[in-house]
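Once you scroll down, you'll see the structures, which are given as structure tokens.
Note that chain A is present in both complexes that follow, paired respectively with chain B and with chain C.
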Partner chain A sequence: MTSLIDYLIGGVSNGAVIALMAIALVLIWRATRVVNFAQVGQAMFTTFVALTVQTMTGSWALALVVAMVAGAILGVIVQFLVLRPMRRADTSGAIIATFGVLIALQAAVGMIWGGDAQAYPQPFDNAGIVAFGRIWPISVYDFVVIGVTILLVVALSLLFTRTSIGLAMRASAFNPEVARLSGVRVSRVLTFGWALAGVVGAVAGVLVAPSSTVSPTTFDILLVFAFTAAVIGGLDSLVGAVALGVFAGLVISLVSGVSNSGNAPVVALVLLALSLITKPDGIFGHHKARAV
Partner chain B sequence: MLSITDLTVSYGPVEALNGVTISVPRGEVTAVIGANGAGKSTLMRTLAGLVTPAAGQATLDGEIITRKSPEDIVRMGVALVPEGRSTIPELTVEENLRLGGLWRAKADRRTTQSEVFDLFPVLAERQRMRADTLSGGERQQLAIGRALMSNPKCLLLDEPSLGLAPLIVTQILHLVRRLADETRIAVLLVEQNAVTALRMADTGVVLNLGRIVQTGPASAIASDEKLRHAYLGY
Partner chain C sequence: MKSLMRFPGARLVSHASFVIIIWFLVMRLNGSVDPLANYYIALVAMYATAMFGMVILVGLSGQVSLGNGALMAVGGYVFAVTSLHWQTVPILGVPWNGWWSMGFAAVGGIVVGLLIGGIAARLRGPYLAGLTLGLAVGVPAIANRFPELLGGESGLMLTVPYPEGGYAPVEEEVFIDSSADTLSGDVSTVAAPSAEATVAPDDMLTMDNFPTTDASAAAPSPDASMIDPGATDISGVDLSGTSDLIDASFIIERWQAGLAITVACIAAFIALNLVRGRQGRVWRAVRDDSVAAAVAGISPAKAKVSAFAVSSLFAALAGAVFAQILSYVGPGAFGLGLSLSLLVGVVLGGRSSLLGAVIGGILLVWLPEFVLSLSEKGGWEDQITNNAPNLIYGLLVVLVVLLAPGGIVGSAQLFLAKVTRRAPKGV
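Up next is the complex of A and B:
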């Protein structure tokens, strides 16, 4: 029983990172009906940027901020270079194009930083916290990850509910024509959405990096989990992305604990299939049928 | 004043509008009537910037509005209430209204919002509720309210009676009449429901297959039996 609880506690910070990546996917999906498979590629690229900054300056926080800025810029670049020209194509064409961007980004990272896995320095103590006479499966760094995630989720929900740009984003996502007729410059709002998703993805990348290594393909598995969480959550729902992202983290931790970590993606895909069969709109979704 | 001159719109080989010329003075209601497929919605969508015309132009107080983006046209003072679901159901009543004037200064928006609430008191009562909890008539009021939030000089109404009970239609059209009288907005109204529309309009325009077949005082058009039989089907 103790070990079961330990697995769950240990999964929370991983779940937080998955939730962030799922949020990035949901942000783009809501605005454009495109699943941006390049999101992890963008996050990986910006994490390498962060690694460079961290190596040069030794500052974890500065590296995080630079990665966020780079994430915003990269998001805008991807939208301008790839998605805008694809506007007239159907969305499946655009989704395939995002796969192309993912592969291109992986190649670019390989060329700039090399293809080998590199260690990302541990910014905070990563040892289990000792309290109440035992070692807990959660570290100071895990608390940092969870804290940053909560901050970002709160900031996003305030942005969406309290600000003009948030209202413009929601309106553009729900009904772009009425938004335009109301005077909202929808294409600018979309660009802002890509930048925002880029920022969120970049944070996820920097947060997860110390717990693994970074290489051009390290984050691919994160895409599997984030995509699963986003789809089961309903793809339209930020709440769903957060809830299912954290849930995915717990499941992965449990599965890895009781069997081995290689089984986690299989379990994720089984859950995804089950969800699509039984609840195709997702748990928090409110849209009609959807083809995936 | 909204002046439409020789407006022609084609969808591929099909001409949806052909040389349409209409003047909509401030403080007056102009009703464009005609059967399904007469080009009424195309006219509205072209004026709002959603469709680019092949020829002709429209001006508002002398400024050309055609071939501009919908975002710019609404800033210039022409607001469209499109046909059907033109509120955003997922947003609250207050958010739908705020959306309509998002680009304006906060103080101006506040002023207009209280004017809209005076005109449509039910919207003030339902401010915090989601738009999809409103009845059809309330939702149409919200759609018009959203358009008014841009403080337009000209209001375009595309089939406001669609799917509403007759009593509600009369109510909505009365409000539109009051709006034109009190705020001196130029109202261009497109309706399939010719009887009700002509009863409250100043000028009637009969559109058939993209061409204007008659323009005149609304009462004259309403009583022209030949016209009614030929184009309006009653």
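Up next is the complex of A and C:
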């Protein structure tokens, strides 16, 4: 019983990272009705930028900030060069294009930093905390991860509910035509959404990096987990993304603990298939009537 | 000429003769080139087989799938496991050979395709892409779940079923003797009696379940697009003691390429008839407007599921061929990279064209070699050389989607239509 609880506690920080990546997917889906499969490619790129900054300066916080800036810039570049020119193209085209970006970004990372897995320095104490006479499966670093995630989620919800740009984003997502008529510069708002998603994805990448190694394809599996969480959460809902992201982290930790970590992708696949069979629009999603 | 097409079955005959002519020409080509070129031909034919299915699924029925690499894994693993464990055909009792394994791989592919298609038919674009992405990552991981049966992370080594004139029957015993110490118990007990019991010339050879420690060195490179040609050349390893018994004219790469070409031609024949017949129109109708198609009496769900099943059949056949080209199946060989390669090839070649699938296959095999030759001239660093093909693929995919959605074939058709001032052929 203790071990089960241990697995669950250990999964929270992992779930926080999945939640962040899921938020990045949801932000872009809400704004542009595109699932940005290149998101993990962008996150991988910015994580390597952070790794370079950290090896040069030794500062984890500076590396995180630089990665966030790089993530915003990269998001804007991808939107400007790839998604904006083909707003009217078919959905297949948009999906394929984001995979093209993913392939190119992973190759670029491999070219610049090499294809081998590299260790990301551990910024805080990674040993289990000792309290109440036992070792807990959670470290100082896990608390940092969870704390940063909570901060980011609170900041995002404040942005959406308390600022004019947030209102413009919600309006553009709800009905671009009406928003445009009301004086919202929709295309700028969309670009801001891509930048925001880039920032969130970059934070997720830097936070998860120390607990695994980093190589061009390390985050592929994170994409699957985040997509699963985002879809089950409804793709439209930030609350759903956070809730299901954390839930996915718990399940994966439990499965990895009870059997072995290689089973986690299979579990994600089963969860995804089950949720898509039963509720194709997600638990937190708004059901919309659609053709056939 | 047009009036001839009115006879019933004329289309079937014309497709059959077209495919047979192509088969004959490519087999002639295959017989006249060196083993390395044979190996490239085998890869192109294997990619083309899988991508015929991608044309039907992505191009004609409009369902973007990332999972066809996983479906290839289904074919490859069914081939490997059936040929490893079954010495005779169940119920019939006939001696087992490679074609039976291919058949079982095909059936496995269709079954899995129907299962996934049943879920997929309910889903729209990004949801489907995400689910198939999960397949591409999740299915190879299933191999880790069953390490005894599927070989786990290190995969299964297999020697391919050689045809008559090869060295199969004699080599089988030698192989067991020389490697008895490395065989894991259950496999050797299954395989050893067969050496005496079945001596059919084209019987499967023993399959060696390598221990985990050796496999990382012995297994071919996991990155499908960067396979070292030398890795598949098992003849140098296994034949040291038996060289005098081998037919000198037997070249394993040539045989593998012949197999791949034959399978690709069978797939092309099936695909041609489907794409250019009624079913092709059904798929296009559902892709372009599913409501209108439903009004016309077509079931969109059935059309989507059938597209999945057919593409899955081709993927499984390609996977079985791939397993024989590599002499190996493993999670690394069938990973997300392979699925992405198939998508790249079919988008660059032309999403809605079977010819595009062949051109895409050629691109997938040629570009890495071309980059390698450039890098040898230019003295590039390894990490540039290794990643340059994928960088080019990724950028090309984006450019093609933005500027020429029809890929190479679609653009050529548009250009021809401009030159001849005729309307372009329907896509």
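Definition applied: the second predicted complex is superposed on the first by the 287 of 292 C-alpha atoms of A that agree within 3 Å, B and C clash if a C-alpha of one lies under 4 Å from a C-alpha of the other, contacts with A are read in each partner's own complex, and residues count from 1 in each chain.
Convention: a contact is a pair of C-beta atoms (placed from the backbone, for glycine too) under 8 Å apart; a residue touches a chain by one contact, two chains touch by 3 or more.
Remember, predicted model here, so these are calculated numbers, not experimental data.
Once the two complexes are overlaid on the shared chain, A:97 sits against chain C while remaining clear of chain B.
By the document's definition of touching, neither partner reaches A:154: not chain B, not chain C. Note on chain A: of its two partners chain C and chain B, the one contacting more of its residues is C. When both complexes are overlaid on chain A, the residue A:105 reaches chain C alone and has no touch with chain B. Once the two complexes are overlaid on the shared chain, A:220 sits against chain C while remaining clear of chain B. Contacts of A:179 after superposition: chain B is touched, whereas chain C is not reached.
In the superposition on chain A, A:119 contacts neither chain B nor chain C. When the shared chain is aligned, chain B comes close enough to touch A:170, but chain C does not.
When the shared chain is aligned, no partner comes close enough to touch A:61: not chain B, not chain C.
Residue ranges on chain A touching chain B, taken from their complex, read 164, 167-168, 170-171, 174-175, 177-186. Taken in their complex, chain C has these residues touching chain A: 58, 62, 64, 66, 119, 122-127, 129-131, 133-135, 137-139, 141-142, 144-145, 153, 290-291, 294, 300, 336-337, 340, 343-344, 347, 351, 383-384, 386-391, 393-398, 401-402, 405. The part of chain A that touches chain C in the complex is made up of residues 29, 34-35, 37, 81-82, 85-86, 89-93, 95-97, 99-108, 110-111, 114-115, 216-217, 220-221, 223-224, 227-228, 231, 235, 260, 262-266, 268-270, 272-273, 276-277, 280, 290-292. Interface residues of chain B, counted against chain A in their complex, comprise 48, 50, 69-71, 74-75, 79-80, 82, 85-91, 95, 98-103, 146-147, 149-150.
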